[in-house]
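When the chains are written out, they are named A, B and C in that same order, and each has its own residue count from 1.
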């Protein structure tokens, strides 16, 4: 019973839709008490077995929900030209906001791009459709690392869109070549003008890596030590903020823990911005294409996934967004300078020190969240 | 008496229905969340019922955050009063037929995007920004600029909420009989005495309305502190926000929101008891 | 106090400077040749050109304006009625004022999550314009009520009674006596309601549906990956410039009509 996931009926897509009638019946507001929070049906793991790529609504449409500026200009027109499917392209700014909508079961999106850490939660709550691999022949183009990745072995529910690393972005002129690891936060020029990411697992990773622990540790003591380390580090920081592009570009922030993609965008605007993977290590992250259970045009979503996994489309996408491409077949078509940049495609020995964040289970994830609250409010 | 009661409630009915359906009913959901158990899946809040969230929310560790929130909001309200009152008075007293225009001019900057305004302030306040450069000419500059300071947060909040002070104050000044000021002078009262004995009581309804409209939302705003403040900018609103984002702890966030609501309601009701208008 | 208006005038000018300083900076930055808002590196019109080609920005701008207008209209009408309802003491008035203060205190993210849960799952309201409208009216109502009420509560009841004594119907009395008295406050309330809706991000981000992204939500989504977009800076500059221009035109027309009316009066 204790480990059984209990889901609020409010967010439960399996329960029959509450109709207008029942709503009117519960007009006495306090009757709602019985509705919003409740135990869940037990099969929250979602449907098992392979999916079937079929549209619920038969029309040439696709509702795509993605991060902004995270696509090549020709990706959508190219897809429409080939398939005749019109794409409605909406953007979200945070995983949370996107998750809340998908979890409501009424969002109407066919294709969404959560980050790997949110995929875990989606899977735990059975919000996604299994993919129909027969409808995605280009799946064979994927690099082995992303087929085996433990957030979703065998790509049963997700296909990677783009990936990157979490490292340090810095001002070359102010900090020079001294930036090799987290010691850089102690540099006098960085004092009060540095920032770390406002994400529990990414932020905590600094403390864990600095103390020589695994960033995926489940040891409560190590997590606590990391939080204490971060509390002392905090005195030297300027901000705890995930919004680093403009501060780095303007030079206001001289050292920032950053996602590689953001760091590259800052250095596009200001070539004084450099990016390094700390010697202590870091984390990899990947954004994934998934199909929500309530998607009205799941068949079209499969066609899109297959389209993006094509060599040319994948290469064009990677060249435009400057993130790492999970598409092995696209590699020969990707810009050489991008492909040879160790910050985008780190060499194998460095890659070993850049694990994906693992799903540590509800209890340990809660430990991280609480430690992070302590860091932020302390 | 009954007729008056019926009439008042009739006029209030549309508002009541709207708020009941689209505000109170969702808030009931929040109250339920606050008594639920935390879940780190997508569900966020599940059975069984518990009061754990309230126990956590009342942890004294959150007191400094609460204090900082009040300090930000209080300083913002005072700053808005100091800037807003002279402006409102000037427009209503000396604006002549340009009164409406001047008043509209107060609102025009807010046609731009909120984020764009905040980023503009970031650019103006940072180390190499215009403000620091100009202050540098008279030797008042600060290394790294004024960004990431408490002052920057209060400035940003004051900027964002100034219209909420100016408009109610203007409405009050419009109603004020300026001849009273002359009369007061004629009776030999000085400026200070006239201000506190005649002007301030005369526009008090505007001062109160404006302060309420600035103080309360400023206490809840966490985006401005986050963008302009340094590491120590967490406010009550941002702690609540953090609990809802990243899947942290919905029951805790809800419990904190409920406590905030209860606090405000108690203050309002106590004020009402003392025979003053509640709102 | 009014013998030396230049002191007050100076303060007023300074406050206006404060209000327009970041706007002026935005205007400068909108012509910047790089993406940066803080480092001006050269003159360029490219952001305006890109803006002109960006159909998505204009689609969300249109939706945002429609939403803000609809929400302001509803909030102003029912909020003004409520302000009149609260005019005189009656049993239960305290409760009403507490209810009306709630939207001011609920943190936005809490409202967003609660509304998403309630609207979608329990009430069957689809995400999109309808849900946004319900929410926007709900959080801007209180502002209208507070502003209108600060005017209504101090109004002299005898004026309306006098109108009634002189034989005016309640409607005529309202139209000719009451309305002109409260008009500035109602206009201020409407302006608030409009701007609150026009600028709302947090609540809206939970309630937008497929193809119904409002401009602030769009801007935030964009800023999260690439920082604030220069296109948005250009758009903000244009919006401020356009409203300022409308205002100036209004002033010119008004003063022209006033002069004509004055001339006509002299002729008679």
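Note that a residue touches a chain if its C-beta (ideal position, glycine included) is under 8 Å from a C-beta of that chain, and two chains touch if they have at least 3 such contacts.
Chains and their UniProt names: A = Spermidine/putrescine transport system substrate-binding protein; B = Spermidine/putrescine transport system permease protein.
This is a predicted model, so every value here is computed, not measured.
Asks: What clusters of chains are still held together by touching when chain A is ignored?
Replies: one piece
Asks: Measuring between Cα centroids, what's the chain most distant from chain C?
Replies: Result for the farthest chain: A.
Asks: Can you check how far apart chain B and chain C are, centre to centre, with Cα atoms defining each centre and the answer in Å?
Replies: Roughly 16 Å separates the two chain centres.
Asks: Quick one: chain A and chain B, Cα centre-to-centre, how many Å?
Replies: Chain centroid spacing, chain A to chain B, equals 34 Å.
Asks: Got the chain A residues that touch at least 2 other chains?
Replies: Correct list: 10-11, 32, 36, 94, 243, 246, 250-252.
Asks: Residues touching two or more other chains, restricted to chain C: which are they?
Replies: Within chain C, residues 37-38, 113, 117, 122-123, 220, 223, 227-228 contact more than one other chain.
Asks: Residues touching two or more other chains, restricted to chain B: which are they?
Replies: Only 24-25, 29, 119, 122-123, 126, 128, 244-245 qualify.
Asks: Which residues of chain A touch chain B in their complex?
Replies: Those residues of chain A that touch chain B are 5-8, 10-12, 29-30, 32-33, 36-40, 44, 94, 96, 99, 103, 121-122, 124-125, 127, 192-193, 199-200, 234-235, 237-241, 243, 246-247, 250-252, 362-363, 365-366, 369-370, 372-374, 376-378.
Asks: Enumerate the contact residues on chain C facing chain A in the complex.
Replies: 34-39, 56, 113, 116-117, 120-124, 126-127, 205-206, 208-211, 213, 217-218, 220-228
Asks: Across the complex, what residues on chain C touch chain B?
Replies: Against chain B, chain C makes touches at 1-2, 5, 8-9, 11-12, 15-16, 18-23, 25-26, 29, 37-38, 78-79, 81-82, 84-88, 90-94, 96-111, 113-115, 117-119, 122-123, 134-135, 137-139, 141, 143, 145-147, 149-151, 153-154, 184-185, 188, 191-192, 195, 198-199, 201-202, 215-216, 219-220, 223, 227-228, 232-233, 235-237, 239-240, 242-244, 247, 250-251, 254-255, 258.
Asks: Chain C touches which residues of chain B in the complex?
Replies: So the residues of chain B in touch with chain C come to 1, 4-5, 7-12, 14-16, 18-19, 21-27, 29-30, 83-84, 86-87, 89-91, 93-94, 97-98, 101, 103-117, 119-124, 126, 128-130, 159, 162-164, 167-168, 170-172, 174-175, 178, 181, 191, 194-195, 199, 205-206, 208-209, 212-213, 216-217, 220, 222-223, 237, 240-241, 244-245, 250, 253-254, 257, 260-261, 264-265, 268-269, 272, 277-279.
Asks: Help me check something: in the complex, which residues belonging to chain B touch chain A?
Replies: It is residues 20, 24-25, 28-29, 32-33, 36-47, 61-62, 65, 119, 122-123, 126-128, 144-145, 147-148, 226-227, 229-231, 234, 239, 242-249 of chain B that touch chain A.
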